[in-house]
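Next come two complexes, and both contain chain A; in the first it sits with chain B, in the second with chain C.
== the complex of A and B ==
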């Protein structure tokens, strides 16, 4: 078990592309940190640098007390679970799991015991003689996990381990990973592009964008107080609605003519963010937003509706209770939850907080 | 889509049977001739049925010096086998290592190396025979197994085949192995070689036949009968200037010369087809 410390970690590729712009980060012992972001944001590069599969251009990486920059992957005492599992196709499940131990010179008897112990922990005991080819996707995923666990590493690295599974299995494995990680108490870094996975697994969450940390915090902090439009749009599904508005002190004027009470002082153009679940249907009134339903997506428990608001090019997404019957073309009145409005700088995208006042006219 | 029509079935079977007969007839003639005495072969009509000698001719060529070659067929077969095995094993070993270096290591002029290997496809032994002979002679390797094998051992084809195969190996496999503590040699031995089993088998068959059938090169650098290969001996036996051609021994030796390649193909054909058609992944 160990902490993981990144000190100005930077990656520049030979062609001059900067994949990571100097990351500072400390991951506590036993913590599960999830790194989430769109493809190309540098999250996989980060993970591969932690693993030692990519060189570190600048900065220092510490696992526990030791600076591991110059160490080979095998000497860093980490284990990695790959997206496509990367199981050795010609080896049995047991062979796959014990390969690392074998390379370390662990005697045969000890290896066998360790493999069996791990196999029963993750329910693989009956499959030890099978080849990866003879296993289902979920079982392969388990073997990849087992291969990581059997070595008792200081740090687990997960590289989108669930993205090759079908939806049902993904939910199941997600729970299992969470349970195993808590039980084993191994410091873990988990990379994914799936925000649901990120929210459910993480102790802390990093949203990355273009090689920078956009925001770091607990999943609910990121949901409740997204630091930028990027984070706000990335966390939460369906994504947050953005409207342009004119602010004057605590009053927001929308292009449709409505006025709302703003949570913070602001002046001039602002971007207003409202989550789909924070738009509540109300009786017809002058204060409410009058909208027309464009498209309905019933999900069972919830019903999503895409609604058209005057003066707004993009339709808004609204989450209704599943029991509510909606038809395309219905006219509705919505009231936003005023406590949960988010204001952002329209150019930079940063969140406007009470202490800041916007200067643009 | 497959056609199932009676007329078509009969036609195609007839055609196939005819082809088998056409191809098998010379072999049959050889088998029959090898069981006759020399005199019974020179009666004017080629025999179509076994003669009186049985396996006698085979045993004779294996134990006694054949014709005026000064060596028996056992020696010839051993020489051919050593050369063919040496060439096959050597080619595969070198090709595996070369392809491994080209695909999995980043070093300066990597592509140049690859193309340098690749253009040797245009330089088979026949083209470079004079300089190669000069070098081998200069190194004192005339009349030696090394001289027979070494100049034929580099293979662009095999290197290319392994390169193409290695390129299809997912890079994560290498990364997983690195995380698991496998260095370059371990990765080659534990992961890559087992995965290329079928490719190796297919190449082995092709290269063994290539080595076995070599004619020009062994003809050039072996003058002592101790190093003569069976393919060359056959030609020698036919050019016995003033004597009658001893067809009974020639056919017996020819049949013996056919055996090792047949055995190799029969034993390896399952892998051979697999290796050319798909890979174990």
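== the complex of A and C ==
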């Protein structure tokens, strides 16, 4: 077990493309850090640099106390679970799992014991003689996990390990990964572009954008206090609604004529963020936002409604209780939860607030 | 139902030209050879006599034939092993630098497009005892080169020429095989603590085994039959039969010795031999290469 420290880690690909712009980061012993971001933001690049599969252009990488920049992947004592699993097709499940032990010269008897132990931990004991092609997707995923666990590495790296599974299996494996990681206490970096996976797995979460860390924090911090419109739009599903508004001190004026009490002082043009779950239906009143329903998406437990508000180009998404019956064309009155409004700079997208903003009335 | 019937006919129609070619150039001559093998014909084609297995009996008691068998064994093992291992070595090197660059691959298959006889002539000139650049070079190094006199050198020359000719074919298949191995497998192996050498033998090589098996079969056929042109142009089976392989002896006895019966019997034996060899390869090796 070990800590992981990144010191100005930078990656420039041979074609001159800068994939990572100097990352500074410390990952605690036993922590599960999730890296989330849109396609092409450099998640895999980061993971591959940690693994030693890509050279580090600049900066330092430490595993525990040791600087590992010059070390080969084999010497870093890490294990990686690949998106396509990368199981050796010509070896049995047991063969796949013991390959790393074999390479390290572990004697046969000890290898067998270790493999069986790990197999029963993750429910593979009956599949040890199978070849990868004789397994289902979920079982392959499990073997890939087993291959990583059996080595007892210092660090686990996961590159979108669940993206090839169906939705139900994904939820199940997500829980299992979480349980195993806590039980084994191995420092882990987990890459995904699924924000639900990110929120549920993470001790801490990084949202990346174009090779930079957009925000780092616990899942709830990122949800409650997104540092930018990018993070706000990425964390939470459905995504946060953005409205344009004029601020004057603590007063926000919306184009539809309503006025709201702002969480912080601001002046001029601002972007107001309201999450779909923070718009509450109320009785008709002058203070409430009058909207018209455009589209209804019943999800069972919840119902999502896309509603039109005067003066906004995009419809707002609102989350209702699933029991509520809604029709297209219905007129509704919504009251935003004033404690959970977010203000952003309309140009840069930065959050206009101090961290206490949420708690100050 | 009617369309189904018609569809059953379509494949045959589409196959017909190919089948016709095979019938004319393979089945017909093969049948002729089998028939011929049981007759002794006089050199002028004036009469022939049915002799049962006399031609075969003569062959198996002939010292010349057994010698050709030995020559063939040495020649075919050297060429197949040489052409395959050199091609694999080059393909592995090329795989490191080429990532789908098609132009290289096209260039590298050129030697295969050279006709066997032309390849033979090329090598013969390079090693010509009087004119050849390479033989002159060897002379300077104090190695006397004359493959027209020295049987061992003649053998070496035909082996080299045949390897050179077949290598590009093997190379292209090996390269394609290598490029179809997912990179992530080798990365996983690297993370699992295998060095480059171990990665090759425990991951790359086993995953190439279907390609290797296919090439083994193709190379066997090549060394037994197709090297004829190379041998004919380079050494003509000489000196003193040192490079006379089975297929070359079939030609010599039939077209130079006019012993058509023996020649036909030899070609039947050769056919059976290669057939058996291929069968063996399929039975015992193919089973091991599936994963």
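Convention: the second predicted complex is superposed on the first by the 353 of 361 C-alpha atoms of A that agree within 3 Å, B and C clash if a C-alpha of one lies under 4 Å from a C-alpha of the other, contacts with A are read in each partner's own complex, and residues count from 1 in each chain.
In this section, a contact is a pair of C-beta atoms (placed from the backbone, for glycine too) under 8 Å apart; a residue touches a chain by one contact, two chains touch by 3 or more.
None of the values given here were measured: they were computed from a predicted structure.
Once chain A is used to superpose the two complexes, chain B occupies space that clashes with chain C. Legend: residue contacts after superposition of the two complexes on their common chain; A:86 is shown touching both chain B and chain C. Shared-chain residue A:169: touches no atom of chain B or chain C.
Once the two complexes are laid over each other on the shared chain, residue contacts for A:239 go to neither chain B nor chain C. In the superposed model, A:296 lies in contact with neither chain B nor chain C.
Once the two complexes are overlaid on the shared chain, A:78 sits against chain B and chain C alike. Once the two complexes are laid over each other on the shared chain, residue contacts for A:335 go to neither chain B nor chain C. On chain A, the surface patch touched by chain B in one complex and by chain C in the other comprises residues 51-53, 72-74, 78-80, 82, 84, 86, 88-90, 99-100, 103-104, 147. Chain B contributes residues 170, 172-173, 175-182, 186, 190-191, 194-195, 197, 280-281 to its touches with chain A in the complex. Against chain C, the residues of chain A that register as touching in their complex are 51-53, 72-74, 78-80, 82, 84, 86, 88-90, 99-100, 103-104, 131, 133, 147, 151. Remark: chain A residues 48, 51-53, 72-74, 78-80, 82-84, 86-90, 99-100, 103-104, 147 touch chain B in the complex. Remark: chain C residues 182, 184-185, 187-195, 198, 202-203, 206-207, 209, 291 touch chain A in the complex.
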